[in-house]
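Once you scroll down, you'll see the structures, which are given as structure tokens.
Look for chain A in each of the two complexes below; its partner is chain B in the first and chain C in the second.
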Partner chain A sequence: MNNIKFLLAIWKANLQSAMEYRISFLSQMIGMMANNFIYFAIWIIFFDRFKDVRGWGVNDMYVTFGILASAFGLVSLFFGNAFMLSDIISKGRLDYYLSMPKPVLLHTISSRMIASGMGDFAYGFVSYALSGYFTWDGLARYVLAMLLAATVFAAFLILTQSLAFWFGTMSNFSNLVLNAMLTFGIYPITLFDNYAKIILFTIIPAALMGSVPAEFIRAFTWQSLSQLLIGAIGFLGLATIVFRAGLRRYESGSAIQIEV
Partner chain B sequence: MKTFSKYWSIFQITLINSLAYPGELVGRSLMIIPFMWIFYQLWKVTFSAAGADVVSGLTLRDTLWYLMLAETIELGRPPVARTMSESVKDGSIAYILNKPYDFLWYQFSTAMGETIFRAMLNAIFGGLTVWLLVGAPAHPEGFLIAIPAVLGAWALHFCINAMIGLSAFAVEDVSAFTWIYQKLAFIFGGLLIPLDFYPQWLQVIAKALPFASAIYGPARLFVTPSLELFISVMSLQLAWIIVLSLTLALVYRSGIKQLTVNGG
Partner chain C sequence: MNSIKVKNLQKTFQTKRKAAGLGGSVRSLFKPEYSSVEAVNNLSFEMEAGELLGFIGPNGAGKSTTIKMLTGILHPSGGEASVLGFTPWVDRQKLAFQIGTVFGQRPQLWYHLPAIDTFTLFGKIYELDDRETKKRIDFLAEAFEMKDLLEVPVRKLSLGQRMRCEVAASLLHRPKLILLDEPSIGLDVVAKQNIRDAIRRMNQEEGVGVLLTSHDAGDLEALCKRVIIVNHGQIVYEDKVSNLKRKFLTTKLVEVRYAEGVAKDFSIDGVEILKVGHYGVKLKFDAAKTSVESVLAHISAAGDIVDITISDPPLEEVIAKIYEQAKEYE
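Up next, the complex of A and B:
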């Protein structure tokens, strides 16, 4: 309960900080929505010509792209530092968070809000509304699937970026796996053979951020819900264990840090 | 000639600098491998579903090699807009403006210096991946023929990105413009889908825009090289470079009048 109060306070402070530059916040939000709409036009062109990819049509892509955008946006808004965790670790900037009487991981990743995430978050809902699959119970499933997909995504970021405790600066690797996660997440799962699917559920769990939540939103099944729940709990648990193990190895830097 | 040698030296220094961190250089370039693999999955299924070996004049192999070069052009270019807007925002532009060289030519020389090795490694990793997946390109000589068009593509990218970067003279943050430009280049440049697969009306529009000269033209020249295509791609590209570089010079002149540098 204390952690929830703490998170609410930190998010409020982040929002107030972002609102200091309202024009910039709005331009990033609107710009990101426009960016996503233009990007999605590629899939409209593709399906206009080729109609179907092993049973997936443009309507399925609206849902998949939407849920991925919303989950990505949610993490950007509320846990923006998860994208920079390896940098924070390798530059010794964890010192600041370690000196505070709050959970280190939670405090670190929630201390930054990426304004453009609002554009991704909102775009996802619009994309779902345009998909032709919209129903009110589907919207409830959308929200649940988004929370679970965002949990998987945040856990994946923590997990991969925590490797910086062992290997130092990991910005290239982090960018590589982040791009792989997002790229594989927006492609129809039916493209991949069974070996590739195993990778997309485990090493790069893009399926748990794109196609599985999309399947759950289109129609409730216990199978897709359990896949999402197991994925979210499993990855979050693993990410926390790896971060804690890494934290034991952490060596403070001597640089003077000022967190604003 | 002396003026040219000045920018050639800047280009050489940046080129050597880009080799200072080989791990970083290789790490960035590995990104093309998952991209090419997923393109292979998508187009293999699509060609198979279409039940044809050739779609709009391209085979699966042509399509993959086309996408490899398109990605190499896109992933190879440095973030010029961001670099320029940062230098406007933090005032470091003042240190460049008082040097005995032209701001735009300096930026162009450094951008090209950063691009060369990055693009070469992308081409190597991307090329090896595609070779393993679909075999050698049908026209290996196309790579050499496409090189002038690839260089022209980076000049075009530079002109547009520099204009976006310079818009920081007027607005706080240019990131929204860079995202939108990037996605327009994806669509109208044919980065993810060759323009030949587009509806006819959209092809006509896209091929007339500068984005096609920056991505589609060089990539298509690589997979289906011919003298006619070379002349057509190069002449359209040259026309766009002239128009956009003149526009860039005008934007720069009007922007520099608004610049106020605080502190130092």
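Up next, the complex of A and C:
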């Protein structure tokens, strides 16, 4: 209960901090929504030409892209430091979080809000509304799938960025796998053979952020729900274990820091 | 009762070594070489509850590493430590409720927000209720003279003002012990004095123990009753500050002004004459070798004294002397 109060307080502080620069906050939010619309226009043109890719049409892409954007936005908004964890570790900036009486991983990743995430988050809902699959039941499934996909995504970020405990700065590698996750996340899952699918459920769990949640939103199945639940719990557990193991190797640093 | 007990504490870092130039970088890419650096080497000491303890040493002496192990930020390579009854790296969260930390080089206040917002957030982090947080903020605002600063975004405060708020923030949850790592770094004389006054007040009024690391002997002189001097991760001196002064501050500087002119060849056996002016002299002597009484007798015999000042050399010189002795011993 205390940790929930703490999270609410830190998110409030994040929001206050982001809103100190009103114009930057609004422009990032609107800019990101516009960016997503422009990016998605390519898929609209693509499906206008090919209509169908192994059973996937443009409506499926609306849902897949939507859920991916919302999950991405949710992590950016509430756990923004998950994107910067490698830098925080390698520059010795975990000291601050380690000196506080709260779970260090939760405190660290929740201590930053990336304002553009609001644009991604909202865009996802618009994209789902435009998909032609919209129902109120579907919307409830959308919210649940978004939470589970965001959990997988945050856990994946923590996992890859925690490698910095062992190998020093990993921000380039993390960006690389992050791009792979997002790129494969929006591809129709039907494009891939079984071997590729194994990779997309494990090493780069893009399927758990795009196509599986999209399937679950379109129609409830126990299979897709259990895939999402197992993926979210499994990846989060693994990420926590790896981060904790890494923390024992944390070496701090003496760099002068001028802001939190 | 001890608030800190440290026994044979050690911390070894693995540091990558690389020869200069591109060739060195390429070799290091395929065959990296590491060497061990002992940042803290068999350190043992104790600190009483409510004590003001100075922990000083030059850059790289192991001060910050020790503080980081005592707060649970770093895991040691060996040895034991108990802080307020907790093993810091095992019970980090429980310990954090009982201690406050300030790292002079690492701010904890949110840069874009007014300090009061960070104070309120800390209230939630330390699980205080809202009324208690507000009451405590009011008290600290008065104790640290920062009422006018609380609603200004931190980025707009001067370094001195910000550090005052930083130290106050670390005291929000009424810790029993605060660990201050270079709290006066980069501050001017007035700002340093303000911080020292506030820390002294909190020690006297709330009995907060203070472990302070600093480069600045002035912090030590103004605040601490006892001092531990470290170099190369080991203790080179440990005693009361008053004993440190008595043992090492044997050199006295004397400035005298006379009513009439002074002889140009003014001299006293065993005393170094630094300057002879028309009406005054400045001299230096070692009180362990030449008696103060005989020097004063000579000074007084030389004419009618208008004014006299006897002072100790700055503590920095003493500490430098201790480092030198430790180096010779090695």
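To be clear about the criterion, the second predicted complex is superposed on the first by the 255 of 260 C-alpha atoms of A that agree within 3 Å, B and C clash if a C-alpha of one lies under 4 Å from a C-alpha of the other, contacts with A are read in each partner's own complex, and residues count from 1 in each chain.
One rule holds in what follows: contacts are C-beta pairs under 8 Å (C-beta built on N, C-alpha and C of every residue); 3 or more make two chains touch, one makes a residue touch a chain.
Predicted, not measured: the structure shown is a model, and the values here were computed from it.
By the touch criterion defined above, A:Ile4 lies against neither chain B nor chain C after alignment on the C-alpha atoms of chain A. Applying the stated contact rule after C-alpha superposition, one finds that A:Asn35 touches chain B and leaves chain C untouched. In the superposition on chain A, A:Ser252 makes contact with chain C only, not with chain B. Of the two partner chains placed around the shared chain by superposition, chain B is the only one that A:Ser116 touches, whereas chain C remains out of contact.
When both complexes are overlaid on chain A, the residue A:Tyr187 reaches chain B alone and has no touch with chain C.
Legend: residue contacts after superposition of the two complexes on their common chain; A:Ile23 is shown touching chain B, with no touch to chain C.
Comparing the two complexes, residues 21 of chain A contact chain B in one case and chain C in the other. Considering their complex, residues 21, 23-24, 27-28, 30-32, 34-35, 38-39, 41-42, 45-46, 48-50, 52-54, 116, 172-173, 175-176, 179-180, 183-184, 187, 190-192, 196 of chain A touch chain B.
Within the complex formed with chain A, the residues of chain C that make contact are 13, 64-65, 68, 71-75, 92-94, 96-97, 101, 103, 105-113, 117-118, 120-121, 124-127, 153, 155. Across the complex, chain A is touched by residues 23-24, 27-28, 30-31, 34-35, 38, 41-42, 45-46, 49-50, 171-173, 175-177, 179-180, 182-184, 186-187, 192-193, 197-199, 202 of chain B.
Chain A makes touch with chain C in their complex at residues 2, 5-6, 8-10, 13, 16-17, 20-21, 93-96, 98-103, 248, 250-252, 254-260.
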